[in-house]
Structures are given as structure tokens and as C-alpha cells.
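You will see two complexes here that share chain A, one where it goes with chain B and one where it goes with chain C.
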Partner chain A sequence: MREKNISKQYSKRKKRVGFPRALLYYYFKAMWESFFKALGAEVVLSSPTNKITKDRGVLETLDDECYSTKLFHGHVLDLLDKEIDYIFVPRFASRKKREVGCPKFVALADILKYTKDNLPPIIGPHYSTSREKHGFWRLVKIIFEIGFKFTKNPLRIIYAALKARKDHKTAMKNISIDEEALKKWENSEILLNDAPLIEDGEKPLKVALIGHTYMLNDSFASLGVRQKLQKLGVDVITSEQMPRKLLERQILRLSMVNYGLEFSEPEKLPKKQLEKHLIGRNDYLYFEFEHEIVGTAMHFLENKSIDGILMLVNFICGPVSVSMEYAKQYAKKIKSETPIIILSLDAHTGEAGFQTRLEAFSDILRMKKSTETIPKSVKMVSGSIIESWS
Partner chain B sequence: MESHITYPHFGPLTLLFKAILQELEVPEERIVNPSTPNKRTLALGSEHSPEWMCTPFKLSLGSQIECIERGANHVFQIGGIGTCRASCYGPLQRVITEDLGYEVKFTNIDYHLPFDMMRDLQSVSNNFNIWQTLKALRKIWVKNYSLDLTEHLINFYRGMEIEKGETDRVAKEIYDKLFSIHKVKEVKKYHKQIPEIFKEEVQIDEEADPLKIGIIGEIYVVLEPLLHLDLYRRLNNLGVICRNTVSLKKFTDLPAKLNPFVKEYYKIYREKARPYIEQYCGGDGQESVGATILLRELGWDGMVHIWPFSCMPELSAQSVIPSVTNDIGMPVLPLIVDEQTGETGFQTRLEAFIDMLKIKRENERNGKPQEKISWETFNYD
Partner chain C sequence: MTENCDCPKKEGMTSIETLSKEEILESTQEEIALEVSSDKYYLGVDVGSISTNLAIIDSQKNLVESVYIRTEGRPIQSIQQGITLLKEIVGENFQISGVGATGSARQLTGLVVGADVVRNEITAHSLASLNENSEIQTIIEIGGQDSKIIIIRNGLPVDFAMNTVCAAGTGSFLDQQANRLEIPIEEFGDLALKSNNAVAIAGRCTVFAESDMIHKQQLGHSEEDIIRGLSEALVRNYLNNVGKGKEITGPIMFQGGVAANVGIRDALRRSLIKQNKIKHEDDIIVPEHYDVMGAIGVAILVMNKIVKNPEIKTKFVGWQIPDINYQTKGFECKGCPNICEIIEVLMGEKVIARWGSKCGKWDV
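After this line comes the complex of A and B, so read on.
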């Protein structure tokens, strides 16, 4: 009798789906979690990145893989210890007609299949709008294919999909701010994050923190950059918080002659006039997740409304090598006065060196803000520095 | 202002593009052909490129800057919507050359769209209409078949020739003849003679027992001698016959692209790779895996996998290739190249790999007599 009960309980146990807490999870976490929860599955997350995750990931992958992929493999190994029934690693290629993600996302599921032992079945739907011309019906197919693994009720699957869509939209809305709020922040009227630690009478520095969502939100991978900046009296805006429309506008300008500098709102141009100013039909930055990096950098480089830009990139990331160059060249082109620093992180980055660089950067920004705070000795020794600042 | 047209150096595509512009009747003084790249070209390109960008970008930027300095102001380059960074080359090089102070117009060709490609070429031609452009292009893809065939023949005969240098001499004659013919019919006629010419003129060692090695990897590196450090010649000198599994047909073979009944060569590879990499992951990643499986079925001895440092699709391929090796027993030697690759280490690794392959073959044969190797059994197209 007792045994029967146990087996009954076991069969009624919710199916456990594992998400590696890395890469795409940070972009789509609201959507995925609410979808699987509404289907009646239990969502299991790998533990937040720590030293063990990192070390296991580094051992598991090829040497010239990017840092984030190495962490991803570490997270998968962590998940395998947690008794999961499925692991969710979508083969995500693109979700818009003219944009793609990173090519590594497509092959991640296959690589896992052939490099890990004891791997539970992978749920890895393939979705590619730009190359395979997938559309709404492909999405429906994917939803039902996944849904029937957990429930036999089609209505429940539809409900789960709609709920996931709604949750994703609200999550996106909550993260990004609108252009009015951005203006207010630039004028130092509001704070976007926890109040930075500053002495009385001092104003916090305003810095744009640019990088992939999966770097900035992973406090181990980014070496706690947000907390560190907060302690240094810096208020940050991250690239994921930027208004989406503003970013798209900047990317449009990037493919216009002379960076479209003569147009502040190019999307409002008549279509014929816009085509006249575009460089060519095949000149477009098509990496979707780079738009927020390049767009944010372009916006703050030309607006001069903040004190500095801090770009945090993971070592040997392919798409970032492109967007970094765009940002650098744009800064050169418009002769921007806003300082920009690019810090690259990998598995061997030491925390002390990172801290020193952040301190030096914030000190320089403070000095630049008010020449009075420059130590007198510096003023005496090198007059040339002050000239270039004033 | 009169435009002076140039294009990046890309292995044999340089020969083809030169021929296209001739066929389109662009005046010769308006074409700036890239010269064969050397270490200086690569250094020049690396100096102005982003540090983490792949090596082909650096080489093609270097060769472009050289051409621009020689007077070119209209560049043809890859662009459009791709999967990996290859389609970023045009847009990014435009930004960089602009920063260097050159006034250059870029035409970025999207090779996924054959009709757009044709329209771009038509725009530089001598007032050709679409039909005339198509006719000019037809000569190119027909010539490309012959180029591919000659390339495979060289790598076959050079590994077994008795008198060293014979194959290269014959190949040079064939290249010269091929690009002096202008009629499609005659090119096709000559195409059929090419294997015969090699057979008659190059004496091969009948007793030879060469290993058969396939070369897979990123297309630019596999086709560019400066980046693969003359890999084919090195293998041939070690008494190995080899063949590459990528081809420019992927971009130039319009009839196969438009004909639904013809299966292009890379689609065969991709289907073979499905169990390992299910979906297209950019570049030649899937093809590399598929070719390994196909060549094992055909009884080849080993593979060399070569890719530029930080290439994303080939990294995905290399991640699964160890399990392919385990499953089907095909040895694969991975080689990563960048602008600082040394020759000696390269050579040592190749020699060691070939010695091990020989031991493996001896064990597998177990005293059985060798199969006779001929061009007909070697060529699987």
C-alpha cells in the first residue's frame, strides 16, 4: 500500500525543466519561465555563476571559445547534478527579418549533446526568421511540440503561450525606460538604480554601462561592476535600459551616408528621401544583440550629457569585435569629448586590477568635471593636461 | 569622377573577378587588380583592423588598402545579411577606410541573392542589359568548374609525380589557356580534355601508395595559400594526395542555385552533418562535419581541419568533431591559423599526423594488398 502511494506520488511529480543561467536566458527569462510554469512544469535554474562553474566550464570547452560560452558549459554541468527531466537550450537564430543573433547559439544544443554524458533530453526548437523565413506558424508548431511533452490539454498550451507573451512584454517594458525618463536622468533629476555612495554636497557621476545583458547581469562574470561603481559614487544606466526606439534610430543612422548626422529622427523621413541617404541596400549591422551596444554608445557620444562610457566586453566575442569598432570609429568621427573605456573580461581577469582601473576611471572623470579638484601638484607639474581639459 | 574598380583578394576568386570585369567590357585602365598578398599585406590589414576580428578580414582589408593606394575608389566586397561575421566585412571596411582618409565607394554584394548580385555587376558594365550580363557571368561559372577540376588534379598528381615540378608547369599552361578562351563552348570542350592533359604529361609513380587526406575548414583560409601556409604543397611533398572540400561554386554556381533538381555540393555535406549539427550554424561549420563523414564512407585516411583564430562557425564544428572521430574512426587534425602562425610548428604537426595515419593504415590493412589509386577513383564529384 505504501509503495503504491510512493509510485503514485512519483508519477504525479512535476516534470523538471532545467535552464542554464547563461547567454539567452538573460534576454528571455520572463517568457521562458512563465511558459513552462503555466504548462505545469517545474523550472530548475543552475546556481548563480561561481568559481566552480567557471573552472568546470573552462575545462570543458575549446581554448578559443568566448568567455560566456565557457560559463554556459559550466552552468550545464551544474544543472546535471540537479535531477532534471529536460534541459532547455533553444537553437535560436533570429527573430526579425533582417537581424540575427550569434551563430554560436544555433549549435549550442548539438555541442552539448556530443560533449556531455548523462544529458537529459534537450528541448531545442529551431527558430530563424532571416534565413529559413520562419514565421507565425513555425512558432505555433514549436509551442505545441513543447506543450504536448507536459500536458495533453491544448487549451492549456495556448493559455501558457499567451501568458508567456504577456509576461515577456511587461518584463521588457519594466527593464527599458522611455525617452522622457532618459532625458530626466541625463539632467540629474532622477536616479535609475540604488543611490550611489557619495559625500555630502557632491553630485554622483553619470556613466553608461554598456555590454551584453548576460555579462552585466551576471555579477560574477562582470566582477560585480555595478556594486563597485555604486561604491565609487557613480550612477549608471545600462544598455538594456535604453529606450528601444532610440536604439533602432541610431542603427538606422549608422547605415546612412555620413552617419546620418544631419538627421536627428531619420525614421520620420519620407521613404524615398530615406533611401536616397542610405549607403546601399546591403550595408546594415545585422547582429541583433549588438544594436543596444552600438546604439547606446552612439547616443551618449554625441549628446555629451553624461560623464563617461564604460564598455564591458567578454574576451573573443565575435559580434562584439564588430560593434566595438563601430563605437570607436563613431567617437573618432564626431570628435566626441565623452571619454570611453573598454574593459575586456575573461576567465583569468583578476579582481584587483579591475578595481584599480575602475577607480582610476572614476577619478579621471571627477577631475575632468571640475578642474578645481585637481591636486595642486598635478597643476604645477603639467600645465598641458589642464589645457586639454579646459 | 571616373570610378576605378577593385575587389578584395580571395584565393581563386581573384582570377574569376578579373575575368568577369573583362567580360563586362570594363576598360582596363579602370580596373585595379589586387596583387598576390604577402606578409606586408597582412601586417597592413592587422594594423587597421579590430584586434579580435578574424584573419580573413585583416588580409582582405590589407589588400584593399594596397589597391586604394594604387588609385582605386570603388570597392566590391561581401555584405548583406549573413549568419557569421563574413557579411560584416563590407560595412565595417567602409567605416575603417573612411577613417583612414580615403574617399571610396563600397558596393556590398549579398551572395544569398543571385539577382541582386547580377544587378550590381550590371551597374559597372559597359551599358549591358540583364541578358548580356547573364551571358558574361555564364562564362565565369563555367570557368570556375575548370578551375576547381584543375585544383583537384594538381593536388592528386603532385603527390605522386616522379619529376618534381612537372605538375606545376602543366597547371600553369592550363590556367593560361583557360583564361585566354572566350567562348563558352570551347571552355566546355577544353574542360573535358584537362584530365587527359595531366595524364599524358605528368609521369606518376605507379608503385606509390599515398595517403588520401581531405581538407576541411573555413573557405577563405582553405583557398588562400598565404594563410594556410601552402598546406597542399606541404602535404604533397610528404607523399600525400589531398583535396579541399570547399569551393567557390557555393557563390558562383548560379544554374545550380536556380535549378531545383540539382543538389549543390555543400547541401550534400550538410545533410550528412544533420545527426551532429542539426541546423546551419554559419560559414562552413556544418560542411566541415559533413565532409568528414562522407570521406570516411569513401575510404579516405584522414582530415585536416583548418580555421582562422576566433572563427565562430568552425569552433562549433570543432566542438563536435572529436565525437565524430570517436563514432566513425576518422582522424582529424585541427590547425588554427592567424597572422602570427609559425611555419615550423605547422610542418612538425603535419609530419607527425601523417606518420600516425600510416601506422593506422598498416594496422587496418592487416596484410591485404593495396588498392590501386587512379584519378577516377579519387574524384568523387
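After this line comes the complex of A and C, so read on.
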């Protein structure tokens, strides 16, 4: 009798789908959440990254994994305590013609399958436009395959897919700012965050905070970098906030430079001709999520309107080691005057070293900015002082 | 200099303030220097992982007095010890117009001494070096656990790097090897200079260095040659890690505790000349007070702040710091899964600060 009751309750209960709050989730959360909710499922998220997530993730994974992947595994373990019916870990490879995501994303689902016990069924659709030439029909297949796990009504599935698409577009639009707003920010007309803490008579520093979305939006993993910068009187723009069109333009330019084409004005080149140049080239920046990193860095290295660039990379990330080098070389190539600092983060919670570097960086930027700088006043009187030292 | 500093003459101070400009100009240069230097003093405290340095400067940025002691993992006690030593030299009535704290324990130090300025070591070191010599292009700082490089252009710091996870390119590497050879670290430099033939020793890690060193000893290499090899290994490690990709040009200011070691100075000179980074041996300058540069730098920062805003009253706790019972307590906050490690600083019975929480709920 009792068993019957439980099973009755169980069937009435919404099916629970767990999302690890890590990696791709940060890019596609709007799409995934609205799709599964519209199908009638209950979305269960792992808790925001905390010390336990980190410790469990680090213990669970190999040493060679990147910090964010370690956190991913911590989030999966967190979800397993939450009575979920499915866990959603798509085998996402690419969604564009040439560019791919991080190669690690494709493997996540299979790694989980073979390393975790008591794992609920994985919903892990494989999607790869660049290698497998998956296209629209593949997407339709994925949508229905997932949909029929939750509902028998095909119309509901179509509705869910369309709603997910719409919500994703809106979310993307809300995150990034348009070029007009960017101009205003560069001219110090607007702030993008809560007012930074500054002393009287000082102006906030403008810094581009560049990094992966799953790094910058995870305040534990990024050691609260945004709050720390705010306390140091810095207003940041993040790479995910950058206007998408501007970023794509920058990447096209970068590719053109690499092929010895004209440096500027890619708009003037016919798109087809450009594609012809790009296809089949090995040195094209083919990591999709690095586009916003390199593009943002390029924009601000050229543009003298901001005070500095802070690049946050997670330790041992493969794609970022490529984009970091692109950014460094580009800075050298154009002899950029914008100071750039690259900080790499791993599973350390001791924040003192991180704080010291941020403080020193903001000090340098402030000294550079103001004419009433401290070292200059030192310089003015230094003649007399050196004598008195000896 | 110290004999002038026993006590700030209150009458003298007020009189110079009431003097008109002409009157000041009339009095002789020497007298002004004396009077001015006896009116305001600033204290800088630099508490690092290995050493605790205190420095008092006058309003001309001259070093009046300094103290260098070992931290030995007890920052509060070493600050109190340092203050005691300073008090013995300058006397209880010595007036301090401003205090600054720097070093990796700057937050705690700031609380204990009542600092007006708490700043990071990079800024402090740049300021002190620029004060010493405004022409410098590079600052090389090798301390006990920390090493850093600061690139200066046109009198402004433009780039810096600090050692990361490993302390191999720092003083503790030498300390380790000195222990192993049972030679006092103070004699290390002179011994290295005696050698004409450095032995190649892997410097990437003390573990590798040890096995390498034992092999070389067994082969019959002399102690001097091995020590010189170690010095070169440290320099190589520093230049390859901290100095990687940095544009090192002369004049170079070499400071930090390791700058005391003549063997390292020599190895650094030779290595940089070999790499064509500098042309002459004189391009590396070791300042007279190489070991307390951080403290001098932060004292200058305080001075600048107070000169700018003369109405600021210093928060300096006073010379009774050694008599105050400071305590720190640590506990884990169980409020959320972050399990933050909270540090509580007590002054007597009173909690004066708490830090370590991510959410800020424990902040006083």
C-alpha cells in the first residue's frame, strides 16, 4: 500500500533535471532553463560555488584538469545530493562553421558516466556543426528526443524550443551593451556597475575585465574580483558585455592581418571573398569562446580611452593560453600603451596575493592617470634628497 | 642624526610656524634644515613573511632610524618588538606625525599600529627606490619568501611581477641550502666570491638542487664552487621566472634582504652583463638601506598624504604598543557552505577587527 502511494506521488511529481552551475551553463542558462521549464520539468541547480564544491571537485578530478572543470565536477556531486531524475550535460562541440568550443566540453558527459556512481541518466545531446556538419535537422532531433522524455505532446515541445530560442536571444541582448553605450562609457559619461569607492576629487578608473563567462560570473572562483575592484575605485566592463558586432569585426581583422590582407576596414571586403580566405587556414582563431577575449583585448589595446586591461585566466586552460598569446603579440605589434595584467587563478582561497596584485595594478594605473602623481613629486625634489642620503 | 631626535621641541615647532617667509629666508640654510627636520617624523612598518622592518623618516625623506628583525611567523609580537627597539633609540616622547603599513601582513599591521596609510609593497618599494634614485629603470627585490621585479619608466612604475607558487628564486632557497651545508648564511656571499669556477646546479626547486648538490659534493667539487653555483642558480631562477619577458635595463636598484649577499650581487651583475641587459657593473645599485626600503616607501606615502591634508590627525596608537595585549583568534563560520576562516583581532578585551568572510557579515 505504502509503496503504491510513493509511486503515485512520484509519478505526479515534476521530473527534476539537474544543471551543474558551471562552464557552459553560464553561456546558455536562459535557453536551457526556459526549454526544460516549458516542457514541464523542474530545473534543479547546484548551489553557487563554495568551499565544499571546490574541495569535492578538486578531490574528484585529475591534476591535469583546468580549475573550472574541477569546479564542474564539484557541482555535479552537489547535484547528486538533490534527488534529480536527469542530469543535463550536453556534448557541445560547436555551433558555427569553423569555430569550436572548448574540446573539454564534448567529453564531460562521458567522463561523468565512467567516473561517478549513482548517476541519474544523463541528457547529453551531441551537437557539432564544424566537424559532424550537424545542422537544423539534428537540432530538431535533439529537441524531440529530449522533449518526449517529459511530454507526449509534440506541440508543447515545439513551443518549448521556440520559447528557449527567444529567451536566449533576449538574454544575450541584455548582457551586452551596444556600441553607443560603449562610447559613452569610454568617455566616462556613464558607469556600468555600482559606484566605485573613490576618494574625494578622484575619478574612477576604467578597466576591461577579460575572461571566460564562467569565471567572471562565479564570484568564488574569481575570488570576488568585481567587488575587490569596486573597492579600489575601478569601474569594469567585462568581455561578455562587449557589443557582439564589434568583437566579430575585430576577429575578422585579426585573421586578415594574419593573412597579410589590408589591416583595417574589413566591412569593405565582400563577405564571400573573406570566407574564402578564412576557410582552411590553420592559424584562424578557431576557439569560439576565445573570440570575445581576444576581440575585447584588441579593442582596448588600440583604444586609449580606458586605463587598463585585467585578464583573468584559470590555470591550465588550453584555449586561453592561445588567446593570451594573441593578445600579448597584438599589444607588441601595435605598440599599445594600455597597461595589461594577466592573473591566473587556481584552487587557492588565500586571497592576499591576489589582493596585492590588484592593488599594485590600480596604483600604477592611478599614478599614470593623474598628473599630480606621487612619484613625480618625488622626482622633483629628488636631487636634494640623494645628496642627503650619502 | 639620531642625537637631534630625542624630543621634538614644541616651542621650536610653533616658532617656525609663526615665522614669516622673509624671516625664514633670512635665517641660515643649516638652521632651517635642522628646524624642519625636527618638526615632523613619519613611521613606516613593513611586515613580510620573513622580516619586519620599521623606518622613521623626517620631512625631507631622510632615514632617521630603522629596525630590521625577523618575523618568525609571529607578526604582532615582531611589531611590538620592533616598536620597543625603536622606542629605546628615540625615546618615549618622540612625536610621530603619521604611520604607514605595508608588506604581506599590512592589514594586521595597520590595525596594531594604527596606520594612516595601508598600501601594497609594490607601490611602497617603487616610491622608496625612486626617492633614492629617480633615474632607475628596474627594481629587483629579492626577499625571504617573495621576490618581485618592478619596471620603471619616466619615474613611474609601469609593470611588475611577483613570484608565484614557488619560493625557489628567493632568500629561503639560499637559507635551505646553507642549512644543508651547515654554513651560516652570512658567510655565504664571501665564500661564493672566493670561487673561480661555478658548479652548475639545478635551481628550479630545492629538491632538485639538493640531489644535484650531493652529487657534486661526492664528485669532489669544493664548497666555494658549489656555493657560487647555488648563487648563480638563484639568479637564473629569478631571471627566468619573475623576470621572464620583462624589459630589464639599467640603472637597476637591487634591494631586499638578499641584496646583502655579495655573492648574489656578483652573480646578478655577471648574469645581466652576459645577457646584454646592462653594460657596466655600476648599473646595479644596492641602496644603503636595501633591507628597509618597503618601510621607507610607505613612510613617504604617509608623509605625502599628510602634507597634502595637514588637518589629518594620525591614528598612531603610540609607543605603548608593546604593552598592549593584542590577540588574534580564528574560527570557521558555519553560516554557509563557504566555511570562511574568520580572523578576529582583539586589543585587550575589545574586538577591533574581523576579516576573512566573503559576505562581510562578521566585519566590525
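Please note the rule applied: the second predicted complex is superposed on the first by the 342 of 390 C-alpha atoms of A that agree within 3 Å, B and C clash if a C-alpha of one lies under 4 Å from a C-alpha of the other, contacts with A are read in each partner's own complex, and residues count from 1 in each chain.
Definition applied: a contact is a pair of C-beta atoms (placed from the backbone, for glycine too) under 8 Å apart; a residue touches a chain by one contact, two chains touch by 3 or more.
Note that the structure is a prediction, hence the values are computed from the model and not measured.
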item	value
Partner chain in contact with A:I309 - chain B first, chain C second, else both or neither	neither
Partner chain in contact with A:S255 - chain B first, chain C second, else both or neither	first
First (chain B), second (chain C), both or neither touched by A:A331	neither
Of chain B and chain C, the chain that contacts the larger number of chain A residues	B
First (chain B), second (chain C), both or neither touched by A:R357	second
Chain B/chain C common contact set on chain A	none
Residues of chain B defined as touching chain A within the complex	49-54, 79-85, 87-88, 90-92, 94-96, 98-99, 106-110, 116, 276-283, 285, 309-310, 312-313, 315-320, 323, 336
Partner chain B, residues of chain A touching it in the complex	61-62, 64-65, 91, 93, 98-100, 102-104, 106-107, 109-111, 114-115, 124, 126, 128, 130-131, 255, 279-287, 316-322, 324-326, 329, 332-333
Contacting residues of chain C [partner chain A, same complex]	60-63, 104, 119-123, 126-127, 130-134, 155-160, 162, 288, 300-301, 304, 336-340, 358
Partner chain C, residues of chain A touching it in the complex	47, 50-53, 219-220, 224, 339, 352-353, 355-357, 359-360, 363-364, 367-368, 373-379, 381-382, 384-386, 388-390
